[in-house]
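Have a look at these structures, which come just after this line.
Two complexes are shown next, each including subunit A; its partner changes from subunit B in the first to subunit C in the second.
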Partner chain A sequence: MFSFKLGLKNLTRQKRRNILIILVIAFAFSSYLLMDSLMNGMEEMSFDNIKNYDTGNIQVVHPEYWEDREELLLENLIYLNQDMEESIKNTDGLLGVSSELRFKANLNNGIDEVAVRGVGISIEQYNQVFATQNYVVEGSMFAPGESKAVIGVSLAELMDLKVNDYITLLVRTKEDTFNTIDIEIAGLVRAPNPMINNGIVFVPLDVARQALNVGNAVSMITLKTVSGDEDTLTKELTDSFKNKNLDLKAYSWKESASSVIALSAAKKGGIGAILSVVLLIGMLGIINNVILSALERTEEIGMMKALGMREWEIVFVFMVEATGIGILGGLAGCLLGYAGVSALVKYGFSIAYIGGDGSAYGIPILDRIYGAWNYPAFSFLFILGIIIAVLSSILPSYWAAKKDPVKAIYHR
Partner chain B sequence: MSLLELNKVKKIYQQGKIEIPALRGVDLNVEAGEFTTIFGPSGSGKTTLLNMIGCLDTPTEGEIRLNDKKVSDLSRKELAMTRRYNIGFVFQSYNLIPVLTAYENVEFAIRLTDHTSESQMKEKVLKILEEVGLKGLESRRPNELSGGEKQRVAIARALVKKPKLILADEPTANLDSENAAGVVDIMRKMNKELNTTFIFSTHDPMVMKYANRYINLKDGMISADERRV
Partner chain C sequence: MQKIKWFLLIGITVSILFSCLIMATAAEMTAEEIINKRDDNEYFDTTQMEAEMIIVSGGRKIIKAMFVLADKRNALVEFTNPVDRGTKFLKREDDLWMFFPDAEEIIKISGHMLNQGMMGSDFSYQDVMESDKLTDLYDFKIIEEEEFEGRPCYVLEGIAREGVKVSYYRRVAWIDKDRFIGLKEELYTQSGRLLKETKVNKIEEIEERWIPTNSVMENKLRKDTYTEFTITQIKFNLEIPEETFSLQNLR
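Then we have the complex of A and B:
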């Protein structure tokens, strides 16, 4: 116990150096916690933005349409019938169902033309599944039966458009003939998912069907479920379609978010690399401290040996000191991290400086990433910090304790 | 029976290919309760001899017996245990732990050997500090003590575990004559009261006169060994 007390008292020696190492460890730990919070926040926001503004929780499509869904072809569409509607209606746990007809179009403002994605929606159904209507910043979403369009703010800025302006959408019908949709802008939307703002034009489903000449077809049916139920319901729906010999398949939003999920996997690797660097900083700080302490206290080590202390007892004294530094550094790091993560959760981190929004990097986040709490990361890092402090102090402590007593006492 | 016996003890240091003999065959018997000084010019082997006796170093040749136990070929662990229970050290530069108080520096030594109750341990530490004249200074750290007071703490630290033998390497070298006399007085007092054997090296004639045995070391060999009655 006295060795423990001595180890703790030794923490008060070389205060400036110990404080510096504690600060370095605290900085490294808090940086990790901030990065972890930011990455988790980015992941959560990305997933929410995909679900709430693009895919819903589940998408029901023709399997062959799914393969080429980015092409927005008018082939392999879903022609709604009673069996399909019953299969979906009889599935428990659905909070909303929306049919969409997605198509390629060129938006013309009378001067310029830009390629966009047209989305034909039934506004009442759409509002059950998606949250886009909450982000209309000018005008409003079009009402049921109203033949108007809603576009993103970024697209409006690009094409110099405002509410009540008319736009022309140049489309190709199912038979590959040209057609146009002349339509008035009802509202401008600035959704948290930048993909919605940059290149999508929402039009009423019947207007799109008529212009594309697809009858009562839709590209997909999007479903809203309680978060977490997607996988079970996806399987249930697919089985139900199979039993009714319907050429349909349900896909969880995760399958549409492959690029974000890949980014998330890369994030885990990145976090692991950051963690390794953080732990390396902690280890080097502690090893450096034990070596310097041993060099400064050579005569003291000699005296301890003269008193008859065994090597492991001297090692213990140094390890207690090193562990103390690890604990203080870890605590300070967790406190700093707590403050930093609190700020990140509340105020977020602007990504405006990277130029525009996250869509250029495949991240469906508009302008600000908010941190997310990951409490296990705090306890994990703190405990790992202590373990690393103990482990990294063993070798240099043994190096100190193995000093020849005569050379140590007379410091030669 | 002698407390300490050295038979033809040699110590040769190797510096590269050169062999430097520090002790060239020392024979010595020390009885319990002796107050012995080892003197001689620098490089005569005084410190080497004390290190051999103190089990801090092992001889190249020869045999050392402490309390009739051969210690010259013990393992490092056994040497540490011998030092812990049988030998006390007093160093020229005190070697106190700066973060510990006078009390704690002494307590540190007794904690290694004594596993009695807290109150008994406290009593022992306070008693020995009082005996070396440090009553009232127990809570001071080394940087708050004079050189003489620091050396008294070092002596208390060596004495508190009641070793059979105390070795002091130039214990007064860093002290003025008044403090040096005070420190040697305490050593002498402890020698008489506790019958603790003291062997100390010194250059100081004033300190030497307290000894009852004088060993003159020259070129690694004992050139004179006199006792004062």
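Then we have the complex of A and C:
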């Protein structure tokens, strides 16, 4: 008990130095928490932006189309029939079903041409699965039966287009013959997914089918489900297609987002490296503090040993002091982190600071990244901080405690 | 006097008969024969030429010079203007490669890249790749006979044959009746939109053949843009070593 009290008392003896170490630990811990929050926020937003604006929760496609899906070829398309529709309709837990025809096109404004992705959609179905309609900033999405187009704001700015302008989409039919879609712009969207803003033109499904000569074919059927149900439903759907001998397969959004997931895993590796640096800073601070204290108190240690204190009791004194610094540093770090993460969750971090939108870095996020709460990270870091403080104080404390009492008292 | 009248009458009769004979021969020609005759006239076994391409887009004008060696299926194009000097294209059958001297790398041009304009011109890579016989790809018919820039022409319409893969669904060509040279050609999309138009501005007789030495290609979807192609020197039926059209020779 005496050792414990002495350790606690020692905490207040070198106030300035201890406060400095506590601040260093707090700064390192809070930086880690902020970075962790930002990375988690970015991951959550990326995944939401993929699900809500590009893939839906599940995509049903021809397996060979899936392999080359980025090529947007008009091969291995799905020719809708009753069996397929029944297989999908009879699946429980679907919140929306949308058929899409994706194709390569050149958007022409009469002066310039730019390569875009054309997407033929049935607007009512599309709105059940995707959230794009909530981000129309000018005009509106086209109504059912209306032959109009919707494009992203950035694309419109690039091509100097506005609502009610006519555009020409130069496409290749299934037979590879040039064809054009002349269509009026109904609305401009600014969705959180940069791809929608930069390079997609939405047109009615029947207009796309006619221009591309594909009959009633679609590239894929996208499905909306409750988040978390994707894996079960994907398996259920694929089994159902297999039983009906349909050459179709269901893919979870995670398979489309594999590159973003890989990027996210790489970032987590980066976070791990930051955590190591943070812990190293804390460790060095504490080791440094214990050594300095031991050097300052060499005579005191000698005196304590001469009075009968055992080595482990002296080690314990230093460990209590180091643990105290670890606890205070961890607490301060968590408090600072809490304030920073609160601000990140509420106000976000503008991607403009790192230049442009996230698509330039392979992140499907526009404008701002918002932080996400990761409460276990707070307790994990706090506990880890204490453990590191205790462990890193053992060796220097033992070095101090081993001093010969006579030499220690007369060490000068 | 009587004799002169007699000669005049014979002369006129012979001329009328000769004209009728020519017209009858021409009238008997089918659209396919006319196209084939034009192709026979414009295409050759081997050729070597120096040419210039003037690309005008908006207010910008870029001049590119090139040296071309070609046979019926293959072609090697080397750019000689200072900016692009050393850039080469090799067309071998249905494949196209490009060599950039700066990168020292050979790139195969395929897929969506084939739709892009060659070196920024209005000729797409796909346009320069077309080497199949047009009559195999299109059903041609004569839709009109009219004068184009003072020359009597057949106006032929070609519609893509069912099941074949072609870039342009419909093409309309004005072919000089006497010289069997295409003077103008319009290329349409399936929806009937005029996509590209080529006009021949100058035709020269070289080695007893009529050759269009200056032509202009316009992309009708874009304003203020055209590409002018001028042949400055051309020679036919030269011996071209087989290895000329090899990837090794592209570097």
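Basically, the second predicted complex is superposed on the first by the 411 of 412 C-alpha atoms of A that agree within 3 Å, B and C clash if a C-alpha of one lies under 4 Å from a C-alpha of the other, contacts with A are read in each partner's own complex, and residues count from 1 in each chain.
Note that a contact is a pair of C-beta atoms (placed from the backbone, for glycine too) under 8 Å apart; a residue touches a chain by one contact, two chains touch by 3 or more.
Everything numeric here is computed off the predicted structure, so don't read it as measured data.
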{"item": "Which of subunit B and subunit C A:Asn10 touches, first, second, both or neither", "value": "first"}
{"item": "Contacts of A:Leu20 with subunit B and subunit C, given as first, second, both or neither", "value": "neither"}
{"item": "Partner chain(s) touched by A:Leu280 [first = subunit B, second = subunit C, both, neither]", "value": "neither"}
{"item": "Partner chain(s) touched by A:Thr180 [first = subunit B, second = subunit C, both, neither]", "value": "second"}
{"item": "Which of subunit B and subunit C A:Leu307 touches, first, second, both or neither", "value": "first"}
{"item": "Which of subunit B and subunit C A:Ala266 touches, first, second, both or neither", "value": "neither"}
{"item": "Touching partner for A:Leu395 - first (subunit B), second (subunit C), both, neither", "value": "neither"}
{"item": "Shared subunit A contacts, counted only where both subunit B and subunit C touch the same residue", "value": "none"}
{"item": "Touch list for subunit A against partner subunit C, complex", "value": "71, 104, 106, 108, 110-113, 115, 168, 170, 172-173, 175-182, 211, 213"}
{"item": "Interface residues, subunit C side, partner subunit A - complex", "value": "58, 111-112, 115, 160, 163-169, 189-191, 193, 195, 221-224"}
{"item": "Complex interface listing, subunit A residues touching subunit B", "value": "1-2, 6, 9-10, 12-13, 299-300, 302-303, 305-311, 405-406, 409-410"}
{"item": "Footprint of subunit A on subunit B - complex, ascending", "value": "47, 51, 54, 56-57, 76-77, 80-85, 87, 89, 91, 93, 95, 97-100, 107-109, 111-113, 157"}
